[in-house]
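To keep things simple, chains are lettered A, B, C and D as they appear, and every chain counts its residues starting from 1.
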Amino acid sequence: MTNTQLTHIQIDNYGPWTVTPEPRREMDLQTLQSRLFADLAQFVGNRGGYVFFTRFDNMVAVTNGLDRTDHELLQESVGNRYPVTLSLGVGVDEIPVEALETATAGVQAAGSAQDAERTEVLAGEFHTGQAADDLHIAHFDVDDATGKYTDRLNEFDTFIQIEQGYAALMRYMREEHGALSFFVGGDNIIAVCPELSPATYQAAIDAVEAEVGVELKVGVGTAPSPHEAGFAAKHALEDCRHRGTAVEFAATDSPTLSTD
Amino acid sequence: MTNTQLTHIQIDNYGPWTVTPEPRREMDLQTLQSRLFADLAQFVGNRGGYVFFTRFDNMVAVTNGLDRTDHELLQESVGNRYPVTLSLGVGVDEIPVEALETATAGVQAAGSAQDAERTEVLAGEFHTGQAADDLHIAHFDVDDATGKYTDRLNEFDTFIQIEQGYAALMRYMREEHGALSFFVGGDNIIAVCPELSPATYQAAIDAVEAEVGVELKVGVGTAPSPHEAGFAAKHALEDCRHRGTAVEFAATDSPTLSTD
Amino acid sequence: MTNTQLTHIQIDNYGPWTVTPEPRREMDLQTLQSRLFADLAQFVGNRGGYVFFTRFDNMVAVTNGLDRTDHELLQESVGNRYPVTLSLGVGVDEIPVEALETATAGVQAAGSAQDAERTEVLAGEFHTGQAADDLHIAHFDVDDATGKYTDRLNEFDTFIQIEQGYAALMRYMREEHGALSFFVGGDNIIAVCPELSPATYQAAIDAVEAEVGVELKVGVGTAPSPHEAGFAAKHALEDCRHRGTAVEFAATDSPTLSTD
Amino acid sequence: MTNTQLTHIQIDNYGPWTVTPEPRREMDLQTLQSRLFADLAQFVGNRGGYVFFTRFDNMVAVTNGLDRTDHELLQESVGNRYPVTLSLGVGVDEIPVEALETATAGVQAAGSAQDAERTEVLAGEFHTGQAADDLHIAHFDVDDATGKYTDRLNEFDTFIQIEQGYAALMRYMREEHGALSFFVGGDNIIAVCPELSPATYQAAIDAVEAEVGVELKVGVGTAPSPHEAGFAAKHALEDCRHRGTAVEFAATDSPTLSTD
């Protein structure tokens, strides 16, 4: 059974901070946001988790394998090195969006995102134990994006195509399956999913193509940790590339699962 | 007259690199991408320019004030510190998308984004001189995003709302005005525009609300450099906040233009 | 009994790389080196270890609590994100310099630091289990450095004083006790030590003052991990400050040991 | 005539901050310090300057080519992105230590390094204009450090040798010539010097060998900017390597001076 542990990461009172005492240089804010995300990617990532930049002031992480002590350490370390602090809400559920619902609710219950008094909240429960099918990660990309778009259109028009594909997929997967899909750069989208069949993934790809004309393919992995599931998904996506297929599932007894 | 100098920044042969010899850890790729963007934000930003992460492997920068030597230095410095290299194409035009068309074409003419032999291209022409109306920057945000979304919905459903607003605006501004709009985190979108009237901005806001129900407001600034224009736009957006208006233009003789 | 696990971190073939095909910009090298150290500080540090910059191309880490898998992950992650790779040698001993002797020997046995064919060595044995007295960390600082030097002398002459104190202490502790002392910025020196008495630390302080006239004080902590021992040492150093003493040992049942 | 512009960079009230409300994790402090230094290396370095980490909480930069506006922008950008702020003092002189004397005095006059009320001082005068002989940079390294030390001794004992060589050189150059020498990692030392003859450099090398038995060699460059002078010095040091000599001066009409 799927057990997705999601952490909602929210910079405390960030909006007001960015304009106090007057608006701060935009490129400094961009630097701060992207470096904070990079630090989270390392901290969470080298413990087997995944984090997505989402809106940068609010991020979503898949944190199976990280316990309360890890979350506390993350808050302490960021608080020691940045001019801002983080609140964290954690939730666990078979359906990713339900886990996030719990995670966000924990943060919201403590106060507004723009409440100067609400800092470094740590709310929620953690998944104990781990099972081989705790995580299902799907790694999508756009079929031949370089040939169809990057090498032909100006970069913004390419970006519009990729963005349209992403917008269609994120809504479809959220509404149909409670799955959370994140753009991770290039033409890549990573989705945190409940257990879904190959036919269901094919239906998602078909829906996106029907809506916006963007052709996707997907590799899917299942494992006890986000990194292992995502790594298996990447290998499965390579299989799509070599076999010319649109949907591939990683063999669950794949050696890539055990060596990482 | 608007003179937008845009630089298309492309990581050379990045897609193949990410899966050679086998797929690399996703969180390492996320770290690499976001730190590279942060470095560009500092380099371009402390010369008065703006850079947007776009797809991370392809980025768009507004580089009025940066000449060929600056671009060469950027390539050298990244090449010295990262396992990847950058190609750069530059274009100048009254209409931003036309400037980008030139910029991208210069990179494309030298070879494919996935051509292992094509590295560190530097193509294009630079804007010489600077005028008070070279740049028009519009800074949009979502009206009361914290109250309507962040404090009420789970973070993914908030993100879907923001994303929908962004997707609608980016297409509208591109198609109607050749303007380039970039999501910069939170509920903020920065658009690089030709000269447009307040009524035109109001029409864009109305179109987004009609299409996806997301209410935007916008501050607009005009200046010789992206930072100055964008900084004036931020102040104008603060004026929207205080006055309860949807569109504000910075006074062109604003002291904020000269002190920075 | 002290069980110090030390890791010798060596950038592979770094010297030749810095001048190939011609000398690289010095400030890019400085950036690369200090950011690599920062990443190691986070990776090792958020697992309870300590890392010291030493010569930057060769660093020394106290890695009790980090096993072979952690070391492999560190090599993989650095290899994914930097233009250089790391070799690691690990040793465990009651006497720190003996542990380092083993650690370095493991790297040396695989080839020269400037052998282009020798990359990503991982040599050595790891400490299994952990005990309350595995680590002894001493945190020294210069008594009233701000009042005596920083606020009075030009920064280089202040630096000469601090440097002299460090040079004297590092040699004394190495020769007398096999302890390894590292300058960590400001007027701070952290030493990885075998078990030593308060009188022994007083003798070290006296020797430094006699040799170069720099007055030190020291807090000493003992714990199962470098961070815990070092954190206790910092608290003990605060005790020196408040009590006006030169040597303080952390109470071994200090609550600071258990809360971190 | 030499015109060295030096900037003393001091983190405001850093010591107290590191222990408030209680001591902060050492590895977070190390990360903060080294990343701040890296950012300064990029900002100063891509304007043709040099910065040295010195004590990390106090750093020394050679800033010919950077004016008051550049220094203000540096303070603003660091203030936007770090939990600490910077004070800067600037001085210009034929003799480097005299320039630093002025630079430090400007900061000291505004208050103590540990005065919580004294923040973001910017004191001093800037060098206007530039001449071909404004800067003299000497790049030293240890002759065959890899063969003699790195590949033979444990890393700490190697470090002691390098450190001894550095300590001897820094004192000699300061006392005899008012030159400032900085360890920059590996076996490299960069000195900011007044105009000195080859025989004078040979005498310095001889003095170090006589005092501590460490054999140095040196390349010297002269140019209008620190980067150009330092780059010429690196090339001259390569000449030492190829010719087996101990002191080489860059040809002043070297093409490397003009292409950068």
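The rule we apply is simple: contacts are C-beta pairs under 8 Å (C-beta built on N, C-alpha and C of every residue); 3 or more make two chains touch, one makes a residue touch a chain.
Note that this is a predicted model, so its numbers are computed, not measured.
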item: More contacts between chains, A-D or B-D; value: A-D
item: Interface residue overlap between copies chain C and chain D, same or different (over half shared); value: same
item: Chain located farthest away, centre of chain C as origin (C-alpha); value: B
item: Averaged-CA centre spacing for the pair chain D and chain A, given as whole angstrom; value: 43
item: Distance between chain centroids, defined by C-alpha means - chain C, chain D (Å); value: 23
item: Centroid spacing, where centroids are CA-atom means, of chain B and chain D in whole angstrom; value: 36
item: Touching two or more other chains - residue numbers and ranges from chain A; value: 25, 28-29, 31, 35, 42, 45-46, 77
item: Arrangement of touching chains [line / ring / star / complete / other]; value: complete
item: Parts of chain C lying in touch with chain D, wherever the complex brings them together; value: 8, 10, 14-15, 18-19, 22-23, 25-31, 33-35, 37-38, 41-42, 44-46, 49-51, 53-58, 60, 97, 100-101, 103-105, 108, 112-114, 146, 150-160, 162-164, 167, 170-171, 174, 180, 184-187, 190, 227, 230-231, 234-235, 238
item: Footprint of chain D on chain B - complex, ascending; value: 39, 42-43, 46, 73, 77
item: Residues on chain C engaged by chain B in the complex (per definition of touch); value: 24-25, 28-29, 31-32, 35, 76-77, 80-83
